[in-house]
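In the two assemblies presented below, subunit A is common to both, partnered first by subunit B and then by subunit C.
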Partner chain A sequence: MMTALAPPGSRLQRVNPLVKLLAIVPPVTLAMLSNDPYLPSALALLAVLTLWIGGVSLRQLVRAVLPAAALILFFLVSYPLVIRRELVLDTPVIFSLGGLEVRWGALQAGAKAGLRIFALVTLTLVFSLTTDGAAFVRALVQQARLPYRVGFAFIAAFRFLPLIQQEVSVIRAAHRARGVDDGPGPLGLFRRVRRMAVPLLASAIRQAERAALAMDGRAFGAFPQRTWLHRAHFTYADPLFLAAFWLSVAAILWGLGQLGLLAPLVIVQRL
Partner chain B sequence: MQNVHTSTSARSRWRTRELLTAVVIALAFAVLLVPFTFAYAAILSLGIFARSAMTGLFFLPSAFAAYVLRKAGAVLLVSALSGLAATPFTGYGPLVLLIGLLTGAIGELSTWLVTRYRKFDWPHFLAMGALSGTVEFVLVLFSLRISEVNFAAVALATGLSTAAFVVMSIVGRSLAEAVKRTGVLANTALGQETIQDV
Partner chain C sequence: MIHVTQLSIRYYSRRRPAVHDVNLQVRDGECVLLLGPSGCGKSTLALALNGLIPHSLEAELSGSVVLDGLDTQRTPLAQLTQRAGLVLQDPEAQLVTLQVEDEIAFGLENLCLPPATIHQRIGEALAAVHLSHLRHTPVWALSGGQKQRVALASLLAMRPRTLIFDEPTAHLDPRGAHMVFEQIAELRRLGQHTLILIEHRLDALMDLVDRVVVLDADGRPLLDGCPCKVFDHTNAPHLHRLGVWMPQVSLLAHRLGLRPVPFTLAGARQLLAEQRPKLARGASIARTANAAPHGPLVVRVQGLSCAYGSHVVLRDIHLDVQAGECLAIVGANGAGKTTLAKHIAGIATPPPGRVFVCGLDVAQTPAKQLMRHVGFVFQNPEHQFVTSSVADELRYSLRHAQHPPAHVEAQVQTLLARFKLERYANVNPFTLSHGEKRRLSVAAILATARDVLVLDEPTFGQDQQTGYAIMQMLRDLQREGCTIIFTTHDMTLVAEYADRVAVLQGGRLVFHDTPRELFRQGELLHRANLDMPPLRQLAEALGVGATTLEDWVQLLQPTEIAAA
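Let's look at the complex of A and B:
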């Protein structure tokens, strides 16, 4: 799978995908419910450290994390425009532009929301940057009892992707040969997508029909179980990783609590 | 009784043809929407309203799949696969997959509630889109802390989100009708319905 960036055989690649998925559930939940900037920041830092120790290079890490960091900027910009005024009226004005006053409280709320989303993204990277798609599907089918027909649909998606990309090039070349010019800019892009949608979908569905006939011809799905070339296993590394990751999360909670930096989690929101 | 049970399970069972059709629908939309997925962060920076209008675009694969396949799980499967396939092409990693899963789960629930996988006329289909847009935005609000955002902004953004999902339902259905005219959907639920009508 193209999303797996960690080199094959690296520490995190060796951990069972289901264990990695299980490992990120508690910190992701904590990040979602957090109400201060410290908890999501610490969890994001833990995720980045885990990825680095797990074999993802610093360059790859920066490339993966930067777009998520841009989201913090989005929240900083947009929150002062939409926040309820009465919540931030007692905080100092940072600057005013026409009728718009940007207050310290609004920026703080924006930063908290942005850091929350940033933490969510970086924590899920622990799974997605280090997990081979086929290995994940194998684990889902063999260990989590996902029906193998559905599992194969996911594996087939990765096999079909290059074919679809090639089809896009063919359709684009055909349009160019007919002298079609969609024009520049977003409007041109919209026209191009609209023009390509029908031929691309028609051709892709034709390919799917042919592949389905071939698979049915080889008795795909005829039996409740099937054989596998690769088996998914749990190893000694799985509980070790799970324990280390969860203990680190617990240490963050304890540490922030001791320093008085941990705000109560928001479980029920009042309107 | 045995016969009834068998026919129900046969109807809900996915054939290989339907599974692979769902896969390629998801992939085709993932490839078509990649430029828009790239622009997502830039549009997010324009604020909560731009986000509301933009997210509707990711409902397009769900609307198309719901109308063509008319099967339990089709919307969720197509939306999840679409997000999964778009993940390697964008810098947002699993965020795209999460959006796909969220949009798919909401679309699936709305399809079941409104159409029961049987009624796909315009009013039901548009109601399905509207319900999906409203629920999606309400869920997103929880991650933004609904109590912090002023009421007028919430109402306007919810309205925008609902409208965007309705527009995408119209586009999805119209696109499905256009693809149907090429004859490739003859073996899908949509194609079979046309054959029965004839």
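Let's look at the complex of A and C:
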């Protein structure tokens, strides 16, 4: 989780986390509502370019983006199998395999769905791949007025999730060593959860208690406010980034519109 | 100054007080060692000394603690944190941020200090623990010893006069522990702090200690005085019965009747030089004891490698273990000890043809069959409990081993008696004490596995007496023909109990021979983050060949041994 971050000091890391979050809201909304393959493709391309220019190495980029790209393929293959036939009856058959007819409309719908998700993932990466958890919490507390106790609950979660995960795997192994076999299926899962609940809860409570002591022992919560070594700032780079990113999104909309490739957004259609 | 007056503390969930009528005065600049059997309330007292009890952890408290003139019950915690800081034992749980710099800033930010001051104090605190170069390192990338130093730095930055250490090395390998001890020694030398230590690796610390305070099992103060008095012959049987950790050199003196009882290595060395002038340099005991048995091979590891993703944990391990042998696996944290042990017990599945136990390929033997030959006891006994009563734990195992139902009950009774758990047959395992939990976990595994018992740090968190009892129990099993394999950081255990020792370093097996041979190789010990057991260090200093307590006894009382 933490190793996947872009190098500190890279361009996108320096942009305020809140600004990054704000920046991706309009394109994420557009991608969700899009009803053609072109808009999500263009937005995904914008996201990938932003990441690349922003200082994420190509290798890291490929590793983060590739699993999402696999989703496009998945939708492309699965849509012809599951789509309601009457929806695509008026489109030409591309090929048929036994009883299965693969129609142009089904492929198109699959591509649209896959690309939509791909765009959502890559746009979110602009934020998540370049934002340090602590910096985000700092910005939330200092600039978005989140109470600092709540902010530190997030940081504690960042720290403890991996520990709890590790504990779960140790307890599972320990139970297997006793010959526990809860069997497959939901019933097995239920039995396993019930068996693991006590030891897991016992150790989670102990961990939490120790962490609370460590925090209280360093005067956590002593005053209604606290100071911060690092101030979360807005710098000149923030509005520049926001403007450039949003202008690019607008340019994409305008360009696609000019080319006649933009289908009406989903809400517009419903109205 | 710390004044503790008639302090009693009871947790609301317990009937009996954890700490009972404690009176204690600690002068500025003093270094006090707090001892007692496990569960005696040492940690509770530590939490009360800096006000975390009752401010953070609620408990019924009577009497008073006055810290630098401030009554801890009436002073806000924020003020107390600038008087006394507490280093806890678990390095994972006490670091609360994601980066070293943030970690040290944390307390100062809570005190609302201006950033410029925070900046300066971080620099000073990191310099004090010699970690300035790690200022911008993420916390997860630190070693255990470094984490404890960061925890200390985060307290030092708040400039407390008193520092309390609650088993700061319990989770660390010997090198990590050494790192922490050196740090404490340095604080002691600088003399600006009052130090209160709870620790059981005593031999490395005794040079620093002015005073020892011992609590008994009920949390009542038992002894308070200079180490030379506390560890002397009159108190020894008492402390021993309580399970209080004592310096190895003091144990040696008790055993041999040496007076005055030494408590540091230097003291023991001087004493032996004066009182046993005949102890010739180069004297060595006959090498018959501790020789490895020559049974058939029961465990064979042939070219085992293991990696998690790109992280290689084990590299081409070859290791044979003979039936009836006791093998210790040692090495730094992360060297692969537990992983190797898990592969031998089939907890982790090795590739086919690499690990054989009792002639069975671990990779290709069904778990149920393998379980009858080899069992694995996890470091935390709680992890392995799967039922809600002690007797049920044993029944569960026995049924799994497909014992005929008629035998199960008889077998349960035998095991309960053997592991001294009869009284607790219907008790929930989670409510047992540390030592009892460990005994139960061994009993439950032993109920199915007959040939090889693999244990991950069997004495972790135990006091001296329960730890000793566990090792004696393992030795008895070994005498009955069981093969014992255990991982540990405690070199005294290795010296006293292991026939052979396997040293791992960065996933490679770099040594496999007797403990005696290992402790002769200083360079290897250093490379593998290990150290010598205190009594071996004493032998080195005097130039004689002895490793264990028994060696010393043989060396110094040859006639009595012969007579016996």
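By our rule, the second predicted complex is superposed on the first by the 213 of 271 C-alpha atoms of A that agree within 3 Å, B and C clash if a C-alpha of one lies under 4 Å from a C-alpha of the other, contacts with A are read in each partner's own complex, and residues count from 1 in each chain.
We take it that a residue touches a chain if its C-beta (ideal position, glycine included) is under 8 Å from a C-beta of that chain, and two chains touch if they have at least 3 such contacts.
All values derive from a computational prediction rather than experimental measurement.
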Applying the touch criterion given at the start, work out whether A:66 contacts subunit B, subunit C, both or neither, answering first, second, both or neither. first
Of the two partner chains, subunit B (first) and subunit C (second), which one does A:145 touch, if any: first, second, both, or neither? neither
Which holds for A:81: it touches subunit B only (first), subunit C only (second), both, or neither? first
For A:171 in the superposed arrangement: first (subunit B), second (subunit C), both or neither? second
Going by the contact rule stated at the top, is it subunit B or subunit C that touches a larger number of residues on subunit A? B
Does the superposition put A:207 against subunit B (first), subunit C (second), both, or neither? both
Would you check which partner chain A:117 touches, where first means subunit B only, second means subunit C only, and both and neither mean what they say? first
Just to be sure I read the superposition right, which of the two partners does A:223 touch: subunit B = first, subunit C = second, or both, or neither? second
Using the superposition on chain A described above, determine whether A:156 touches subunit B (first), subunit C (second), both, or neither. both
Across the two complexes, find the residues of subunit A that touch subunit B and also touch subunit C. 2, 133, 152, 156, 198, 202, 207, 209, 211-213, 215-216, 220-221
For a test of understanding, state which residues of subunit B touch subunit A in their complex under the given definition. 14-17, 19-28, 31-33, 35, 41, 44-45, 47-48, 64, 77, 81, 84-85, 87-88, 90-95, 97-98, 142-151, 153, 175, 178-179, 182, 184-185, 187
For subunit A, which residues count as touching subunit B in their complex? 1-3, 32, 63-64, 66-68, 70-71, 73-74, 77-79, 81-85, 87, 109, 113, 116-117, 121, 124-125, 127-129, 133, 149-150, 152-154, 156-157, 160-161, 164-165, 168, 189, 193, 196-198, 200-202, 204-209, 211-213, 215-216, 220-221, 266, 269-271
Which residues of subunit A touch subunit C in their complex? 2, 132-134, 152, 155-156, 158-159, 162-163, 170-171, 173-180, 195, 198-199, 202-203, 207, 209-223, 225-231
Can you check the complex and tell me which residues of subunit C touch subunit A? 47, 50, 52, 55-57, 76-78, 81-82, 85-86, 88, 90, 92-99, 101-102, 105-115, 118-119, 122, 138-140, 151, 154-155, 158, 342, 345, 347-348, 367-368, 371, 375-376, 378, 380, 382-386, 396-397, 400, 430, 444-445, 448
